[in-house]
Amino acid sequence: MKSLALLSLLLIILPAQAFAKSFVYCSEGSPSSFNPQLVTDGTSITASSANIYNRLVEFAPGSTKLIPGLADSWTISKDKKVYIFNLRKNVKFHTTKYFTPTRDLNADDVIFSVERQRNKNHPFHNVSGGKYEYFDGMEMGTTIADIKALDPMKIQIILSRPDATFLANMAMSFMSVLSAEYGAKLAAANKKEDMDKMPVGTGAYLFVSYQKDSVIRYEEHTGYWGKKGNVDKLIFAITPDANVRTQKLKTGECQLATDPSPADIPEMKKNTNLTVMDDSGLNIGFLAMNVTKKPFDNLLVRQAISHALDKKTYINAIYMGNATIAKNIIPPTIWSYNNTVKDYDYNVEEAKALLKKAGFPNGFETELWTLPVARPYNPNGKKMGELMQADLAKIGVKVKLISYDWPTYLEKSKTGQHQMIQMGWTGDNGDPDNFFGVLLGCASVKSGSNYPRWCDQKFNKLIDDAKTTTDVAARTKFYMQAQVIAHDQAPVVNIAHSRTFKAMAKNIKGYKLDPLGQDYLTNIVVE
Amino acid sequence: MKQFLKDLFFELKKNRGAMIGIVIILFSLLVAISAPVIAPHNPFLVNSDSLRLPPSFSAGGSKDFLFGTDDLGRDILSRLIYGSQVSLSVGFAVVVLSLITGTFLGIIAGFYGGFLDKSIMRLTDLIMSLPSILFAIVIVAVLGPGIVNAIVAVSIVAIPNFVRIIRAQVMVEKNRQYVSAAKLFGASNFRIMFIEILPNCMAPLIVQASLGFSDGILNVAALGFLGLGAQAPMSEWGTMLSDARSYIESSPWMVTLPGLCILVVVLSFNLLGDGLRDALDPRLKKQN
Amino acid sequence: MKYISKKLLDLIPTLLGITLVCFFMIRLIPGDPVLNLIGERGADPAKYLEMKKSLGLDLSITQQFVVYIQSIFRGDIGTSIISNNSVWSEFIERFPATLELGMVGLVGATILGIPMGIFAAIKRNSFFDYFLMSVSLIGYSMPIFWWGLILILLFSVKMGITPVSGRINFIYDIPTYTGLYLIDTLRPAVVSVEGFKPFWSALQHLILPATALGTIPLAVIARMTRSSMLEVLNEDYIRTAKAKGMSRKRIIYIHALRNALVPIITTLALLFGSIITGAILTETIFSWPGIGKWLVQSITARDYPVIQGGVLIISFIIVLTNILVDVIYFLLNPKMRS
């Protein structure tokens, strides 16, 4: 009887409603660090740079357009090699339980933040592993020849060569400005690691507490220099399962769910208490063929595979229709997209003919590695693998599906142990080079992110030329040509550009979808 | 032996639960064997026009797919039918592996005693002091995910049960007269252990084997659910369940059926095991 | 006393064995924990070696084992490679969650299971007996990873009554004292600010996972109670009591139950181990932040020290409970003492 009474009580008391101005965000995982210099994944960036830090230059909300951030203006020299940034005045750092700033933002902070990553002898360089993937990956170390303060509110950066992507790089998460004063205090107390665990920034929210795999709590930064919404308590409910995020949103346990499962979208769109936003994501999911391994060194084989995969099915089954078929390695929303490229159509006969011409009339046996984690560019690698397996069987290619856990998968593929592999990419800064260079450039064969391990001299020269020119028209021309080469040589089968989704409660306003996939919550208004 | 089985069956016939268990087991065996004939579709055939169709008896369902289709448009009924092949052979493999190893270790431990006994019992203590699933997960992590490795892991975890039962029984049996008689006639230890003693340990062994079947099926399905068991495109119930998890909201039928199959098969082996125990345990028999 | 100390001495080789087996088996898991730390973009070889060294992974396996054993004897069971926190502190942080879940599941199962078993025993061979025993056999055969999903489907997705994951609505910031939310949310400091809402939230979150986890113990307890009651009811002294004209109620509740409790208590304590097994699956389904989920995650992340330390602590707890059971059994059962 008692338990029955209890149950009926539970029936009456529905999940508690949110308090005014508290905002719970259902995030997808635990951040690896709160220092944006050390991280590359969207989860950590959202938990750090997007909401508690600022950069000199920032992306305008909802776009990749550059706007002033902590620098309210800047000048660029004629030879495109000298940049001077004028810092914003009266920018306050966070006052937290563990740190009370005594001064406003100045040039020391900017130099501290850049030098920690650039200068191997900097006292903080080796703290927390000392690995600055983005800074190194974007070649900032070799691009920046010198950085110095002209006066306390004026920074000069000299480049070693003109670089068309420099300003966009400056707006990326890893160029967030940390507090030099906080650093000095921690160094004196011999607790340098705290810099990356207990952050102090200039953003709209300040860090309060973090419980791994469970919750992160922030409070509003009352001294914030910019405009912000009305949230005073920001809570990240860490919820790795996409469908659980959806359910939590429905029961009111969170107000915004990041990347809900595509399967749940139609249902959510019908729900009048929810708003669903979507945008074409800045991403590409592809199947790379290792051109250094037989038989994928043979162009005809690669073309045959390109004809054999029925991408339309994948879009329906894996992305639930929430993606567009990809024919180039960059998404169509990026400038310089070459729409005249004609995609390999799904054609089993053609594929068979090509295989025969290549000397494999009866097909061959090979391995296909399936993505072990859900990514926006490929929500279910295993399932896509099963579809590919079925498609390739039709042209006589017997595929063994292989998957490792994520770290092993990366480890083995970076060193080129794979034959065919599912991979993908989400853009970092909206520049075409961030796709072409990283995914198909010769330099990336060595660093590992060129998964087909394809190094084509003609292609590489085009993208190199495009990077050192700042003239957009000229760059566009180079990239257009590069896409034609990439198509003809077929090192990868481009599968899809997926749409990204965010779902939120109806009373949440002021949220803008970020094409780069992060969640900026500064302007959130709870009505 | 023949008489033993006859008696056993006679006892079992009186037990309604055990009979239900046997009927279900025979039925699933029949389904498993005739899968290629009775499955309405190819269980691996991807069907992009009919993704996640609900069962035919509910709105939006197609009459071609009685229990609907999964996220790749494969017929769920056919996958369930083929899944019975996997689950029954998994149960069988686990029982055979753990029974052979466990019996062997149990007999020599009980028969020889001393240091050999001590070390074997330590080993079983060790395995039993870890939660079975956790230990199985670690083993699969070492060997790599896959149905065969999952079977190996689950069998290893199941060995101690057999060792303990056999050892206890052997320790009783080895002091019986027939053993001393055999010794007097100069029978080898091997003969005494496996020809003389073993047949007399059959009763508890049969019970444990039946229960081991259900444990094996359950644990391999659990590993499959955690993504460590059967790999694509094999249709295994636990793996089907784990694939269906993300569609619990939009396509609940994908979740309901595979689990129900696991439950029914596991239940039937438990019913049989219970019945066998009642039939073979003289102490309980007296009470009835 | 002698009995207990002998049992405790027996413990040492078992624990050493577990340490040894765990250590070497975990080293066999393919995948490099250092590369796991480094992430998607790769690392240069010098830095890689440096990191390997700082984690003590550059030593030979035997050397690593010696270092490990030495530190265990110093009371240090290791430091997580991923989070840099000590394994012990990570364990302590998560254990209350599992404890709360397990206790509620087990207590619920006991409260329901014992009366069910007694009832079935008294009404032997009645419809109720068959019904209860069928239900409990179904419960016993339940794949709990499926049962959990079905509970979610029914109560969360379809009816929207209970939350689906986690321990509490994060709107409430409850300071941790015991780590058991049902207790922490009832502290005056919390109640005076938020009222009983946090408590309700914690209870709502607990109800489904505890049900899922408690199902198998419930079935086991009900069956065990029934069979041990039946056994006791058949004993001579009960028959004598009956003959003497003692009331039926008195016989059942005073004499029979008391004697039947011995095996029931033993079963309860032994269920503790299966609770931890159940917790691994239950916590995965309900995203319950306890040690089950923690261990599964550390296995996928190749966090050697956490797996070793975690497995060691858990087996230690289980071995200790088993000894405790032996001791209780020994104390409760006069026959064994002589």
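Just so it is clear, A, B and C label the chains in written order, and each chain counts residues from 1 on its own.
Rule of thumb we're sticking to: a contact is a pair of C-beta atoms (placed from the backbone, for glycine too) under 8 Å apart; a residue touches a chain by one contact, two chains touch by 3 or more.
Computed from a predicted model, the values in this text were never measured in an experiment.
Peer 1: If you tally contacting C-beta pairs, which comes out ahead, A-B or A-C? Let me know.
Peer 2: A-C
Peer 1: Among all chains, which one's averaged Cα position is nearest the averaged Cα position of every protein chain shown?
Peer 2: C
Peer 1: Most remote chain relative to chain C, going by C-alpha centroids?
Peer 2: A
Peer 1: With chain centres defined as C-alpha means, what is the inter-centre distance between chain B and chain C in Å?
Peer 2: 24
Peer 1: Taking each chain's centre as the mean position of its Cα atoms, how many Å separate chain A from chain C?
Peer 2: That gives a centre separation of 39 Å.
Peer 1: Can you give the whole-Å distance between the Cα centres of chain A and chain B?
Peer 2: Roughly 46 Å, centre to centre.
Peer 1: What parts of chain A, by residue number, touch at least two of the other chains?
Peer 2: Residues 241, 247 of chain A each touch two or more of the other chains.
Peer 1: Hunt down the residues of chain B that sit against at least two other chains at once, touch-wise.
Peer 2: Residues 245, 248-249 of chain B each touch two or more of the other chains.
Peer 1: Note the residues in chain C that touch 2 or more other chains, in rising order.
Peer 2: 30, 157
Peer 1: Over in the complex, which chain C residues touch chain B? Could you list them?
Peer 2: Interface residues on chain C, with respect to chain B: 13-14, 17-18, 21-22, 25-26, 28-30, 134, 137-138, 140-143, 145-147, 149-150, 152-153, 157, 230-231, 234, 273-274, 276-277, 280-281, 284, 295-296, 299, 307, 311, 314-315, 318-319, 322.
Peer 1: Can you list the chain B residues touching chain A in their complex?
Peer 2: That would be residues 44-46, 48, 51-52, 71-73, 231-233, 243, 245-251 of chain B.
Peer 1: Residues of chain B touching chain C in their complex?
Peer 2: 17, 122-123, 125-126, 129-134, 137-139, 141-142, 144, 214, 218, 221-222, 225-226, 238, 241, 245, 248-249, 252, 255-256, 258-260, 262-263, 266-267, 270-271, 274, 287
Peer 1: Please output the residues of chain A touching chain B within their complex, sorted ascending.
Peer 2: Where chain A meets chain B, its residues are 241-243, 246-247, 261, 263-264, 266-267, 310, 312-313, 316-317, 380, 382-383, 385-387, 389-390, 401.
Peer 1: What does chain A use to touch chain C in their complex?
Peer 2: My answer: residues 3, 10-11, 13-16, 18-19, 22, 24, 32, 40-41, 129-131, 133, 137, 193, 211-215, 217, 235, 237, 239-241, 244, 247-248, 250-251, 253-254, 404-405, 407-408, 410-411, 414, 447-449.
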